[in-house]
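Two complexes follow with subunit A in common, the first pairing it with subunit B and the second with subunit C.
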Partner chain A sequence: MHSDIFTYIDPSQPSTVAAGPLAAKSLAIQPNMSVRGWPTEAGSIALDRFVAVEDATVVKRLRTAGAKTMVSTRMSELGFGLAGDTAAQALAEGHADIALITDTMGEVRVAASTTGVFGFKPSYGTVSRFGLIGLVPSMECFGILAGKLEDIATVMVAISGSDDRDPSMPGFGPECELPDFSQVCEAKESIAVAGLVKEAVDGLGPSESEAFSAALSRLEKAGVKIQELSLPDFDLFRSVHNVIGSVEASSAGGKYDGVRYGHRSASAKNWNEMYLRSRGESFGLLVKTYMLQGAYFQFENYSAFEDACRIRARLVRKTEELFDKADLLVFPTRRPGFDAAAAGTINEVYDAFSLTLLANVTGMPALALPGLVFDGDVDPGLQLVGPRLSDARLLSVALCLAG
Partner chain B sequence: MDYEAVIGLEIHVQLKCATKMFCDCHNRPGDEPNQNICPICLWLPGAIPKFGREALEKATLTCLALNCDIQHQSAFDQKVYYYPDLPKGFQLSQFHRPLAKTGWLDIIGKDGAQERLRIHKIHMEEDVAKLVHETEGRTPISLVDFNRAGTPLVEIVTEPDIRSPHDAMEFIRALRTQIQYAGGSECSMEQGTLRVDANVSLRPCGTDQLNTKVEIKNMNSIRNIGDAIAYEIDRQARCLKAGEEIVLHTRLWDPEKGVTAPMRAKFEGPCVPDPSVPQIVISDEWLNEMRSRLPEMPGRKVERFVDQYGLTREQAVLMSSERELSEYFEAVVNQEIPACTVAHWIATQLLPALKERSQTFIDTPISAERFAGLLAMLERDEVNANSAKEVLARLFETDQTPRAIVEESGFRQVSDTAELEVLVDQVLAANPSAAEGFRNGRKKVLGFLIGQAMSVSQGKANPKLIREILIGRLS
Partner chain C sequence: MTCQGRSYCGHPRVSDVGREVRMTGWVDALRDHGEVLFIHLRDRSGIVQVVFSAEHTPPQVCERAAALRNEFCVAVTGRVVERAKDTENPHIETGHIEVMATDLTVIAKSKTLPFPISEKAMLAGAVVKGVGSVAEDLRLQYRYLDLRRPTMQDQLIKRHRIIKCLRDSLDEQSFIDVETPVLTKSTPEGARDYLVPSRVHPKHFYALPQSPQLFKQLLMVSGFERYFQIVKCFRDEDLRPNRQPEFTQLDIEASFVDEEFIYELSEDLMVRIFEIGGIALSRPFPRMTYHEAIDTMGSDRPDIRFGMRFIDATGIFGNTSYGIFKQILKRGGCIKGINVKGQSENLSKNVLQNEYAKQIVPGFGAKGMTWMRMINGQLESNIVQFFSNDEQRAIIERFRAENGDVILMIADPSYDVVASALGQLRLHIADRLGLIPQDAYRPVWITDFPLFNVTDEGITSNHHPFTAPDRTDFDPADRRSLLALRSRAYDLVINGEELGGGSIRINDSDVQQKIFQALGLSDKEVKEKFGFLLSALDYGAPPHGGIALGLDRVVAMILGTSSIREVIAFPKNRSAHCPLTEAPSVIAHEQLAELGLFDPAGERRIAGTQEDLDLIDSLSWVSRIGIDDKERPEIAAALKEAARLAELVKERAGEDEPLFSVVNATNLIRKGAAARISPLAENGELFRNAPSVKGRYFKVASILE
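Showing the complex of A and B:
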């Protein structure tokens, strides 16, 4: 197969006929999802020649569900953005039926919307992050790209559920129960009202606006009432994600020091120099800038970070309140004028993901739906966002709408 | 101008846990290097910390033993700095929301009066790895042993209430006793499970300002703590008298030279809430369960030992100084031995014997039953005190009962009056001048004559009876 799409192709041939719900599906993952014995470099020189020592919980569960032959697609450095990401291409070219990629700021939904497939980001905490090599622990999760919604449901049945190796999952706390995906395809859920956040569509250009309106009218034809709602602080999702995300990235990247694994600079004279050079040589410009920005908030402007945490809590509350007036929220997925794959600066990355950040900041489930308009140049796509942990219902509703 | 010292302590205590704080690795830092490690404590990519229940229990017991208010909600932060002994670029520590606040301990000051010293806060944190510096050929290399990485600690921060080296040492002694009683930690400075740093500043007597402090580290014993603080007070007083300004810095105590010397300024990184370790929420029910696990603490035990057993306060304090000792003491007393005899024999005989053999009340072959057996024979005059000391020494070497040792080795005390009268007559015949001296009023000679009789009997004679017979013969 194509090495410009894949970083690794499992050479082992299954010795028995696979059984289980995923047995017939070909699956692609990314090299930031740990598979024992596989090169797991997460798109970064920082993890040069790193080989995972055990399977991520998700990988273990995929195998239990019959997924045997897996390949690893190329990815952006540490899953930040979509530059160099080939998961959608692998699907489009028929190399895989399903691809798992990390959704840190909307990657799975923007990639889906660009390619014309479904892209699902589950609620934070429904899928174990154990073995996921990420950058922003409180925002990122495994996401699923697939041409068929049923496949997304099947994968969620397989991989969701509490894991004692990821204590940050809500199954470990008293507050709530994790969603049950087993009846997604049978449930035939429908919704009456979809909320449209005015501030999210205000920035669309005329042709994008027109395309999005066309998508909304198809929803209306399917019997969904579109209710205009307001979230005056919508722009703050971007600032909050940027500040908190960069602070977490700076900390999460702290372990890449060349002491135990990964790239170590050859020319250092002492450990301090080893740190500086190894880390200097390890990260690409985008991730390096992002970490440096995070370090700035940690060391020089901690109160701005505290403000961002407070605003995040308020944004979560305000978004939750919208579900008093609507069953689900509907958003465009991307701004076609901002190419996520070409974004090279922090600003450009946030421009490309400005419409998807809400789900990462709030931990809510979101699904990008293809095929409602699909006109490559102007299609801003459409995503549905549900309350946290309403994932199963969200998928059921989408199945009815898409069917 | 006269100055007074303002001293605060920062105390790290390694909790007595079977596993590390955020993974299931053995909590045995002293094992062969890098034996007790896993993807979590090595912080391999993809690992997620999992906070252990045992660490929370032991930390809570420790806080309760130090009279602290346990916080119903606490959380871990990332203390960010880069060093090869820190495998992830930050240390997990409770900076913003500690487990416990506002505690206290009572100590006896140098003037004999009780003083209450306050504790500011106690927080949990993980220990870092250990660096070993070696050379490979002529190239210096640093090796990292991750056995200690992730070991559960609490840090206890006092208020600046301490005014003298004596009080600082007493505080540490009291703290050690309390935590050992609660089962929170071994608290051994020797083995590094108790580490103390001191912040010292001076101010003119009678004022209440807090001046620039100097931190001192590297004290490896309680005596070191007293010496280092005393040295530092003296050093700062000399600086102030010479008109020098005290600057904030850290100094290392050199126990060989008996001085503190400045060390490289340490880097204070920021503390950011950790997004992966869930917030710790403590219910009243759970806290009550922890309280019920606390044993009778030494303060109350001293009172009870005085009331119930009629010990002197000094004896009661000694018998309560360690939990194992106090339990041993009571186990022996429960074998119907008078408490004062037990306390006296533990203090003067058993404790020195254990110390000499580096044994503890847990691992010594002198069980409470065997020790009680020996004291019972002493009480019944079946063996005299001198012989009992010999029997005690034998008890360490054999697993025989005290009675068997006495019978076999002929330690049984001779209390047969006829036999003793013959003995006394022999002694008087052999020492006519001493006998004469006693009759002439030199009463001190009696001791000499008793000693002679004991010696002739090879220590087996009942000294009380010898004394009676001697006085009878000489008067």
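Showing the complex of A and C:
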């Protein structure tokens, strides 16, 4: 195993062979998922030498399901983008069967399509975020990378469900049903109509377009009707995610002050200088720039944040309306010309995730399927998006299509 | 309501018994015994007890009295009677008498008070809580009530006495009070100016004076010979606990005088005003050169109420084998120490090593501290084994160490670090061990300052550029000779606090020019900033000099108040904000537009302009995220993009209600009733990740310098 893939490898070997649905699987997580006693720096100097003092709810549940959480892979700073992220590599090189990474703007799906595995982002609110160290609370959640859809379903059975310690989760009940992941593999779901959002594919280059059309015709051969739909505001997902995401990052990042944990600048003379310098040294330029954009919206132009939230409401509403005409929506996952791992500026990051933001802004479940689309040797990927809390059905459909 | 025939509350004594009095004032306190109602009636002169009883007071007056509450403004008529034995009140001057009320007029009612004003108990032996626990901002918000308190009144009255004494004394010696302008031009005093925009000259600004320095010099050129002014000065400096954006200064300047004249004059004034607080200062005030102050006490405002002067130990360790000292001396460093006489019992090894050497002294800027205790004629410490017998003997001799003494040494390659850290350590130790006599007042003149300081940008004046140097034959281009110059400046320091300072000024325009050259000011800059002064010095300027005393500080010291805000009627709080008037405040766009400071047509920003830089700095500040210059271009581009996004979302916002989360937010109430400490805090795990901890607290940098 290589230390350029992992930040931590658990030296303790389970003394007895664990039982449970995940007992046979090896799992990779990221250092923004709290495991008591593990270094948990979330890819940021802001959490320099931070060792988690509690287990994330997800970690507890994975252990209950018998998982041997063995390794922690490298990640981008606070999970923003994919620069330096090694989860997909760990899977590709066979170090893990399943990897959990944070999906803030589409990371799990873009990583999946670069590696040829499945990448699943569940509905917002189905998986506890307690113990997740993140950046954009209203849009990020744990996502799952795996070579097998069955593994994704098994993990979801283990980790989904309400948690008192995560106040952002809904109370599940008859009005708001938690998806039942236990039947994913048995249910034979198929879809009649897949919606294709015209505005999402309008921007594709000619070869990307061609490759994506080929994938669609493969779906049609499998009996799916492709229905062209229109979402005129599709371009706004990016703007809305940028405005809201940066404001939340600026706000949620306020806790990294080097007082209770993390990096403290050595040279501060007084209280204010301590904050300025410690935080100035804590964040990389990308995250720092993002937080300052957020500060701009908070302190200089607050109405822009409210406007973005108004548009978010409209985007959720308009996207939901599309499901009147289609069972699911299909999108390409990424644009091969924009390398998420190499993105160095905010705009480059958003360029790389322009096709995945919809699911984060609307909180809808999305699954990246590998192996259906090829642009030269590159896979722009195919992404299925379903209505919120239709996660189990989405996985069942994918199982039928992939099988 | 007339004041005719009014008596003052604080005046009646036993000799007034039987007199009919009419008094006005405020209800300071009430004590209702049903049949009898006692009130403390307060005016500026003091407090008197007024009694309303069915026996002496008409029923309708008693009825009105029953409705009295604290701080009602009232007029009372009554007769002075001697108090019954054992009912005297020692807390008030009029405690042996009381007034039997015969009439009462409620002049004005009062709402319930935001904090108690009464300071005098109504019964012997009783204690009044006072405002000690009231938040200072609340006191400042209701300053007009706070100032009703006898303590505050007394302080402001004493302040008046002090200022009156200064005026009278100076008047006696033919000093003339001349007012200088408040709307003036920026002067180079080192601090930031408060600026006042000019409406008739758009985008031009007056500055509020940091001191009337140049004007008082011009008055000397004009031949007034002796000038003084009690003057408000303004400095836009960083916040400090005992600093106000505006402060009062006693400003003095005189012609045909030298340092001795100023010392004589100032000492006389100080002795007189300290007397008002019952403090006797002995004259003449000792003098100490800047060099001696730094070399023996590590500060140019030394506290000489106690000894513990530095002893140089560099020479002892010339051939030492102790690695740390050896390295430091090899780099040209020095070693100094203090002898804390007879305190060995109070400074345990744990305190010396774990508190001082590891935490406190590093906070003073030194890398560490060496400590030794003298026990049974031997030095004891964790490192004494590294010193040779000769070295140990030399230490004992040089520090005159006796049993029970503690020797503390600081070594560093930099002399300045040693002096500064040991100076702070000296104060810290003395304070901790109670070695500073609290009722002593020890003034000292600090003299012979270096004329110039070295900074990153070059050299700057230690005081200001108008201070006369000790010699005038210097070459403004020769840095070394410039740094060797001493100034004819002097500071007056009492108990470690700088209360004022001044200098003999330059009265020769050639010398003044040379100083400006030495400071690296171009001819153009000089002409722009000080042209009028140079020009004035060309018309037969007399030799002159002066001093300025910070009156707020002086008064606070004389009255022994905890802060200068206690001797200022309407001060700003620690954040330079006035909770009473809420100054500073936002002003209307129209007002800004009128001053040419705001363009309602909304000129768009051009990228890379000053506004953008200011925007970055302001966002960096509100976010408390430091940025360095090479990060600026990318941040500027991202903020430009943010402004574009803001326009875009505004244009396409639509009518929906803002959506902050896709999940309906529910408020979760934590289960369980009693508050409890997190087990992680209890077992200390929370502290494991902390960069700095002291005991069971997270340690942070000090909030105020």
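We take it that the second predicted complex is superposed on the first by the 393 of 403 C-alpha atoms of A that agree within 3 Å, B and C clash if a C-alpha of one lies under 4 Å from a C-alpha of the other, contacts with A are read in each partner's own complex, and residues count from 1 in each chain.
Everything below uses one rule, namely that contacts are C-beta pairs under 8 Å (C-beta built on N, C-alpha and C of every residue); 3 or more make two chains touch, one makes a residue touch a chain.
Worth saying up front: this structure is predicted, and the values here are computed from it rather than measured.
Visitor: Following the overlay on subunit A, give me a clash-or-fit verdict for subunit B and subunit C.
Guide: clash
Visitor: Just subunit B (first), just subunit C (second), both, or neither: which does A:Pro21 touch?
Guide: Neither: A:Pro21 stays clear of subunit B and subunit C.
Visitor: Does subunit A have more residues touched by subunit B or by subunit C?
Guide: C
Visitor: Using the superposition on chain A described above, determine whether A:Pro39 touches subunit B (first), subunit C (second), both, or neither.
Guide: Neither partner.
Visitor: Looking at A:Ser138, would you say it contacts subunit B, subunit C, both, or neither? Reply first, second, both or neither.
Guide: It touches subunit B and subunit C both.
Visitor: Once chain A of both complexes is superposed, is A:Asn242 in touch with subunit B (first), subunit C (second), both, or neither?
Guide: It touches subunit C, and subunit B stays clear.
Visitor: Is A:Arg260 in contact with subunit B, with subunit C, with both, or with neither (first, second, both, neither)?
Guide: A:Arg260: touches subunit B and subunit C.
Visitor: Check whether A:Gly203 is in contact with subunit B, with subunit C, with both or with neither, and answer first, second, both or neither.
Guide: Neither: A:Gly203 stays clear of subunit B and subunit C.
Visitor: For A:Gly125, select first, second, both or neither according to whether it touches subunit B, subunit C, the two together, or no partner.
Guide: second
Visitor: What is the contact status of A:Gly337 with respect to subunit B (first) and subunit C (second): first, second, both, or neither?
Guide: A:Gly337 sits against neither subunit B nor subunit C.
Visitor: Which partner chains sit in contact with A:Pro167 here, subunit B, subunit C, both or neither? Use first/second/both/neither.
Guide: both
Visitor: Shared contact residues on subunit A for subunit B and subunit C?
Guide: Common interface on subunit A, subunit B vs subunit C: 50, 53-54, 138, 164, 167-168, 250, 257, 259-261, 271, 275, 299, 309.
Visitor: Applying the document's contact rule, which stretches of subunit B touch subunit A when the two form their complex?
Guide: Going by the criterion above, the answer is residues 39, 42-51, 78, 80, 82, 84, 87-90, 142, 144, 269-270, 272-278.
Visitor: Going by the contact rule set out above, which residues of subunit A touch subunit C in the complex?
Guide: Within the complex, subunit A touches subunit C at residues 49-51, 53-54, 124-125, 138, 164, 167-171, 233, 236, 239-240, 242-243, 246, 250, 257-264, 268-277, 279-281, 283, 285, 288-293, 295-297, 299-301, 303-304, 306-314, 316-317, 345-347, 362-363, 388.
Visitor: In the complex, go through subunit A and note every residue touching subunit B.
Guide: Going through subunit A, the ones touching subunit B are 32, 34, 40, 42, 47, 50, 52-54, 56, 129-133, 137-138, 164-168, 172-173, 247-248, 250-251, 253-255, 257, 259-261, 271, 275, 298-299, 302, 305, 309.
Visitor: Going by the contact rule at the top, pick out the subunit C residues touching subunit A in the complex.
Guide: Within the complex, subunit C contacts subunit A at residues 615-616, 618-628, 631, 634-635, 637-639, 641-643, 645-646, 648-650, 652-668, 671, 680, 685-686, 688-692, 698, 700-705.
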